[in-house]
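Heads up, there are several structures right after this.
In the two assemblies presented below, chain A is common to both, partnered first by chain B and then by chain C.
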Partner chain A sequence: MKIGTIITAAAILFTSLPALAGDSEHDPEALMKESHMAMFYAADDGISEVEMKIVNSKGKERVRQFAMLRLDVEEGGKQMYYTYFRKPHDVSRLTFMVHKLPQENDSRWLYIPSVDLIKRISSDDKGSSFVGSDFTYEDVSGRHWTEDTHTFVREDEYNGRGVYVIESKPVEKYKGFTRKITLIDRENHLVLREEYYKKGDSPERVFTAEKVETIDGIATSTFRRMENLKKNQYTTVEFSDIRYDVGIDESVFTERSLKNPPREYIR
Partner chain B sequence: MRRFIEEFSIDHPWVIIIAVTVITIFFAAQLPGIKIDTDPENMLRADEPARLFDHEVKEEFAISDFIAVGVVSEDGAFNSRLLGNIHAIVEEISEIEGVVADDILSPSTVDDIRQDSDGVLTVSTLMEEPPDSDAEAKFILERIKGNPVLRGKLASDDGKAIALFIPIESKNMSQRIAGEIEEIIARHSSGEEYFIAGLPVAEDSFGAEMFRQMALSAPLAGLIIFLLLLFFFRNARIVIAPMIVAVASVIWTMGLLILTGNTVHIMSSMIPIFLIPIAVLNSIHIISEFHDEFQKYKHKKTTIRNTMLKLFTPMLFTSLTTVVGFASLAMTPIPPVRVFGIFVAFGIIVAWLLSITFNPAFAVLLSSRSLRNFGKSDESHRPLTIALHAIRNFNRKHYRAVLAASAVIILISAVGLKMIVVNDNPVKWFKSNHPLRVADVTLNEHLAGTYMNYLVLDGGEEDAMKDPETLRYIERLQRHLEQSPFVGAATGLPDIVKKVRFELFDSDPDKFAIPDSRREVAEELFLFEISGGDPGDLFKFVSQDYSKVNLWVQLNEGDNRSVMSVVESAEEFLSENPAPAKLEAAWAGLSYINIVWQEKMVTGLRAALLSSFAVVFVMMAFLFRSPLLGLISMLPLSITIMAIYGAIGFIGKPYDMPIAVLSSLTLGLSIDFAIHFIKRSRNIHRETGDFEKTYNEMFEGLGRAISRNVLVIAIGFVPMFFSTLVPYITVGSFFFAIMMVSGAVTMLLLPSIFIVLRKKLFPQAVAETEEIKIRKAS
Partner chain C sequence: MKRYSGLIAGMMLAAVLSAPAAADSEISGFLQGLYGYGTDSRNPVPSELTASEVRLQLRFESFSDGAEYFGRLDFVYDNYLDPGISAELREGYIKFGAGGWLDMKIGRQIITWGTGDLIFINDLFPKDWVSFFSGRDDQYLKAPQNALRFTMYGGSTSLDVVYTPRFTSDVIPSGMRLSYYNPMAGGIVGGEDYLFAGTMPEAKIENGEISAKLSRYFGSIDGALYFYRGFYKTPVGMDMAAREAFYPELMVYGASLRSPVFGGIFWIESGYYDSREDSGGNDPLVPNSSLESMAGFERQITSTVTANLQYYNSYMIDHDSFAATLPEGSPVTDEFYHLLTSRVTMLFMMENLNVSLFAFYSPSEEDAYGRAAVTYKYTDTVSMALGANLFHGEYEYTTFGGFQHNDNVYLKFTYGI
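Then we have the complex of A and B:
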């Protein structure tokens, strides 16, 4: 089955090749990899404050605020995340940690302060909601480019920026989408817009990078939006106080610091 | 006025015929613009608070109406084969257009929170893949039983039944979707039996079935009425006229209804079946009189003039009283009932107008040859006349017994009236052997229930529902509600908190309770929200700002009476147990909506009936220029209503929507015979001047006209007894009963009263000659 799909993918790739023969700039696989690295593996580590707003169809919003630490153990490979919740107030000091291994299930831990308990939580489903928002875990930590087959569609303009438009289809049957259209910035390779389709011609979810800033010389999308058109709601995420290459020690990403947050990084 | 109409119709028959034809064609041209609406929710005004709140709740908690699909296997439903089938079936159902796939409640779509063997807390789909072994299948049952949110809802504790709840975007898709589900099931079932139930399917299917029945029963009743008329009058050309009058009144009425932009609702679809017999009534009187008199005059125009002279006033008043009965429905606060009442009233006026214009015009145009033998057969030896003579002689001898019997019937009926139970259930509009009824009974016997209703508790401020005291209070309310025999399950936020806490603390049974600290509640809810499940699932039970809780109250019976008792039980708890903090309770859900409109219907129709009763009495007193005769004329109507509704009380048939609406019909129709009888008896007496002669004459032409009407309408509705829909059977039975009872009361009780009061009502006088009479009338 897998070989079959790879052959199909290869066939698609080759049939589209003649037009773009020898055109490495338009190699969709390479572009998706580049953009994945730009979006999720910027520098070797990073710290930021995050404000997330989940806005329902009636315009009511739920706000969560947390500090987030990231360490890339291996570029494009293993990553570790540490999240310290500040809001909602009644869950402040709750902490959450993820060890991400591409192509494998993550490990996730949660610390519940009121009962002083660390609990491992399951990660079978990367397509499930990230902390109750319209983003999935996968949207936050990235979907590995080899899980889909990609086709270069065209070059285009988007909000005054030159973009590559790429269409992706999952190699194996996937709940998250059946088709995805990605608009990648030609210069910095950040994803500016991504549409997720399931049935029909209109997307069920749309990601947009609303604001891109250069921090420590690295282009970073600091305001992101995910719209769920089916549920008619959306989530925005705003990053602030971003610092790159802080030199976070791997020991921070252990169960011990779930109970005792690393004060040197989290005020 | 009367003279003008008659002379015009007689002198210019073609003008009448052409005018009627043109107008009928005009209204018939409107019919293709028909817009059908089968949603019983529209029994309430669009801005009715209960209805707005229901929509608000469904929007806020993202809840859809459900179709319930169930499978029952006596050997146990939890085996790998059956669960495999269910998995495949749900997969295909989720592809159906109009199904809210994300919100399907089924073993293969709902999330369950649990701790796996490594102590990892997992929120994941209960049955992601079909189980490989029966042991695995059994484990799924155990998990359902261990989750208070799923227990009873998805499976019966004995494992014999499994339920799937299919949310749909709109109620009026439910019949189509149910059909597609049936096809999918047929492809996957390996012998086990599936059932499809739920209020939306019942209501939607009823609407569709109703129109089918309508298309069948209205023409059928028309045909039988035609055949009976033919039997009585033996002249096809003559009896075609009342049929044309009936069909034209229906076309004018429905045409105007559509032209004015009204939708054809379940109620208004009944207009033809009500109008046809009412429209025919007047014509029967005319033909009957024409038939009995024609051989006397042997001249068309003279016979017509005489017939119309005798009948004009009684026909005007019988039509007006029926109009009053139906127009009174305009007072009810239920829009479809109002539309129904107003348009039936319009149709009756049309029918009256056509009866007094079209019938004479039509008769004038008939060739004299075709009328040669009309009414020639000797009536005195026909069974009808013989029967009427028997009644005449019986009454003369036993009038005291008739009066006594009437008094007894009134008393017994009063007892029956007291026993009337107001109740309705759209599912029970189908006969008990209908697949939807069978499914309803089977699923509700095994599972928590197919009637989903919602009790929303509003704490008024953000995070109010994270308070442990409030949660404990709500939990007590849930347990209180579940004590009702009609509540299969009351599920809510407390169940989720308890379940999360239980799993968090390694399945410690002591922890299966609401924690003491508000912060712990908040963190456990947050844990549920972030541990991988669909956050939307949580917000079907609590508002996103945690200010409101939505209790899912699942009922196993949709009878309004049962729903009412559950609502009352909640009120009782809330008033007897003060809440720890401010808490406002309000209901939503289709069953609840049904009790709201039933309440309006019952009170609205009671007011309509009483007021039209009063109006009719005033009209009668005016018509007979005598309050005493007015009172007497109300007797057949009162006894008919009491006897019919008393009988309903005794039989134990619930007083439901059709029965409530039919009270206006009963009132409008059962006065008719009394009007004819009294008015024409008085006319006869003016001719004879002698009571004995008058008395005998009552049972000739007048008696025959009334009896023919009774038989034609009553028998015309007999086929409706065999309808597949209960309300149709009810309507048919009512027409039958109204005709039989009011006919019998008129022919038995009124003559008996006349005998008693003969000195006052029928004084000896000089007989008026024909000439004086005609002069007076003009």
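Then we have the complex of A and C:
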């Protein structure tokens, strides 16, 4: 598995070399990496309040509120996430932690305060829904660019912004999508729209960045939407109170904090 | 307790009203109705209901940079038999750190450790099996205790020490709500004549409980060593002179490992139960020492289905001496006790419908216990659950066989605030 990944990574590297040499601005591999960094590795760490609204086909709404801490141990590599749930009532005070290693299974922990239980969670399936929303675990923390092969399609315009259009296909068989079209903002490299196809010409899910703000000098999409066209439902995510480069220590992402939320960051 | 519930309610109300003034305080909780019906007409308990209660839980938390305090108070109106209101302080503690390497949690609290799923070897903190068997929420399986907890940290190692000044036993079926097997009566009994409670250890300093856990991460593997000094949590000893059950002295030495493997989580745990009042194994009225072990594995089957499997084994030390001392004709407990368990959790409708199945089966005692629950979250605040607890046993004197007339189904409604 690991050797396979290295070989494919090497293959991708070599096949993309001519592109790098010839036309670096349109190198799809480099653009996907840039956008991944802009979306998921902004600054060295970050804190944010998150409100997620899940709206089903009948218009019924569910709300999840949580605080989220992120630390990039290695830019583009190892990351740590810490989530403190506020709402709804049955998950309030619950904490969730992820140690994410690209191309390996995440380590995940859940702490249930009412019974003082730390549970380690199996994480084989990154395509699982995140807290019942239309976002998967992978959508939340990002799919590593080396897991797909990328083709530059064209330059285009989207909502008044210049974008690069990239098409990606998974290297290994993947049930999340068979084909993905990404629209990357030419200036800040944020993903403005992403379409996930499985069969046929219409996407099953569509991600859109509905609002982009500049926070601490960093372009950030603060309102995101994932529409599931197959199920006719959608989820929106709104980020607020965003802070970057707070200087979160790695020791925050341990069992100790699962039980004792770091109050210097989470109120 | 009843007399004070008005006062406590008043104090809670005062806390609620004054809360908005403090910046980092929060009030939350829920209101819950639970109605259970016993499906086995042979059950010798005084009511056909297994539960009929309304519960209001209020949670209050407040924190500053230095310390944090938390309270969880339940008011229960219970008319299982005679209507009555009771109040229970589920949790009430303060928590603070010292020197960056020490956390202290002092007060009434719920503590859990160990690796098993509903199997506890080194977790000798009190459990409420009556709540568990009658459909109350999972959080009620763990009973609170008044304790002082110290946790020390150094790198990837941590040491937990818990001191519980007054021994806190498990809550077990005692004949009032749930029937049980009574060896003195030689059968399954219930009702007022057979109310059962063990004699608690005397309130002496030396009868306090000490639990400790030393844990460490080795990469992604977490390992732990455990120690316990106290008493068996259920009254498994018998004082023939007084004709009373009691809690024999117990020491436990244990270890556990847990690791991600094959796309899931694998765990093993073991503990040596040193029965201090029967070290030779030749007293039939006090349990022999034993070696308790388990192994388990859990993984996602699909993106919405998770399942696990556990095997648990208890080996009785000095089984020969035990068997030799038994009176003729009495059932002989096996040298080995085997138990298999499995949990399957399925999520539907964007995780708003949850189906949970849990089965215990012992091939050595030929008994079983199954738990099933379907929970539907109608909105973020309102949920309802339909569940069942089913027992089976070839013999009345086995672990689950003794509860075989307690089969029940229940309905539960929760409104969260």
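Criterion: the second predicted complex is superposed on the first by the 246 of 267 C-alpha atoms of A that agree within 3 Å, B and C clash if a C-alpha of one lies under 4 Å from a C-alpha of the other, contacts with A are read in each partner's own complex, and residues count from 1 in each chain.
Here is the rule we go by: contacts are C-beta pairs under 8 Å (C-beta built on N, C-alpha and C of every residue); 3 or more make two chains touch, one makes a residue touch a chain.
These numbers were taken from a predicted model, which means no experiment stands behind them.
J.: Just from the overlay, do chain B and chain C fit on chain A, or is there a clash?
T.: clash
J.: Classify the contacts of A:110 with the two partner chains as first (chain B alone), second (chain C alone), both, or neither.
T.: Only chain B is touched by A:110; chain C is not.
J.: Is A:58 touching anything from chain B or chain C once the two structures are fitted on A? First, second, both or neither.
T.: After superposing on A, A:58 lies in contact with chain B but is clear of chain C.
J.: State whether A:30 touches chain B only (first), chain C only (second), both chains, or neither.
T.: It touches nothing on chain B or chain C.
J.: Counting only touches as set out at the top, which of chain B and chain C does A:256 meet: first, second, both, neither?
T.: Once the two structures are laid over each other on A, A:256 reaches chain C alone.
J.: For A:96, is the partner it touches chain B (first), chain C (second), both, or none of the two (neither)?
T.: first
J.: Would you mind checking which of 225-233, 261-269, 279-287 or 315-323 on chain C runs into chain B after superposing?
T.: It is 261-269; the other listed stretches have no clashes.
J.: Of all the chain A residues, which ones make contact with chain B and with chain C?
T.: 54, 56, 60, 62, 88, 90, 114-115, 117, 120-125, 128-129, 131-133
J.: Along chain B, where are the residues that touch chain A in the complex?
T.: So the residues of chain B touching chain A come out as 59-60, 62, 102, 116, 118-124, 463, 466, 504-505, 517-520, 522-524, 526-527, 529-536, 544-545.
J.: Could you please specify the touching residues of chain C with respect to chain A in the complex?
T.: 24, 28-30, 61, 63, 65, 68, 72, 95, 97, 103, 109-112, 138-139, 141-142, 151, 153, 158, 220, 222, 258, 260, 263-265, 298-300, 302-304, 306, 347, 350-352, 377, 379-381, 383, 414, 416-417
J.: Spell out the residues on chain A that touch chain B in their complex, using ranges where they run on.
T.: 54, 56-58, 60, 62, 88, 90-91, 94, 96, 110, 112-115, 117, 119-125, 128-133, 137, 230-231
J.: Could you pull out which chain A residues touch chain C in their complex?
T.: Residues 54, 56, 60, 62-63, 87-90, 92-93, 105, 107, 114-117, 120-125, 127-129, 131-133, 233, 255-256, 260, 263-264, 267.
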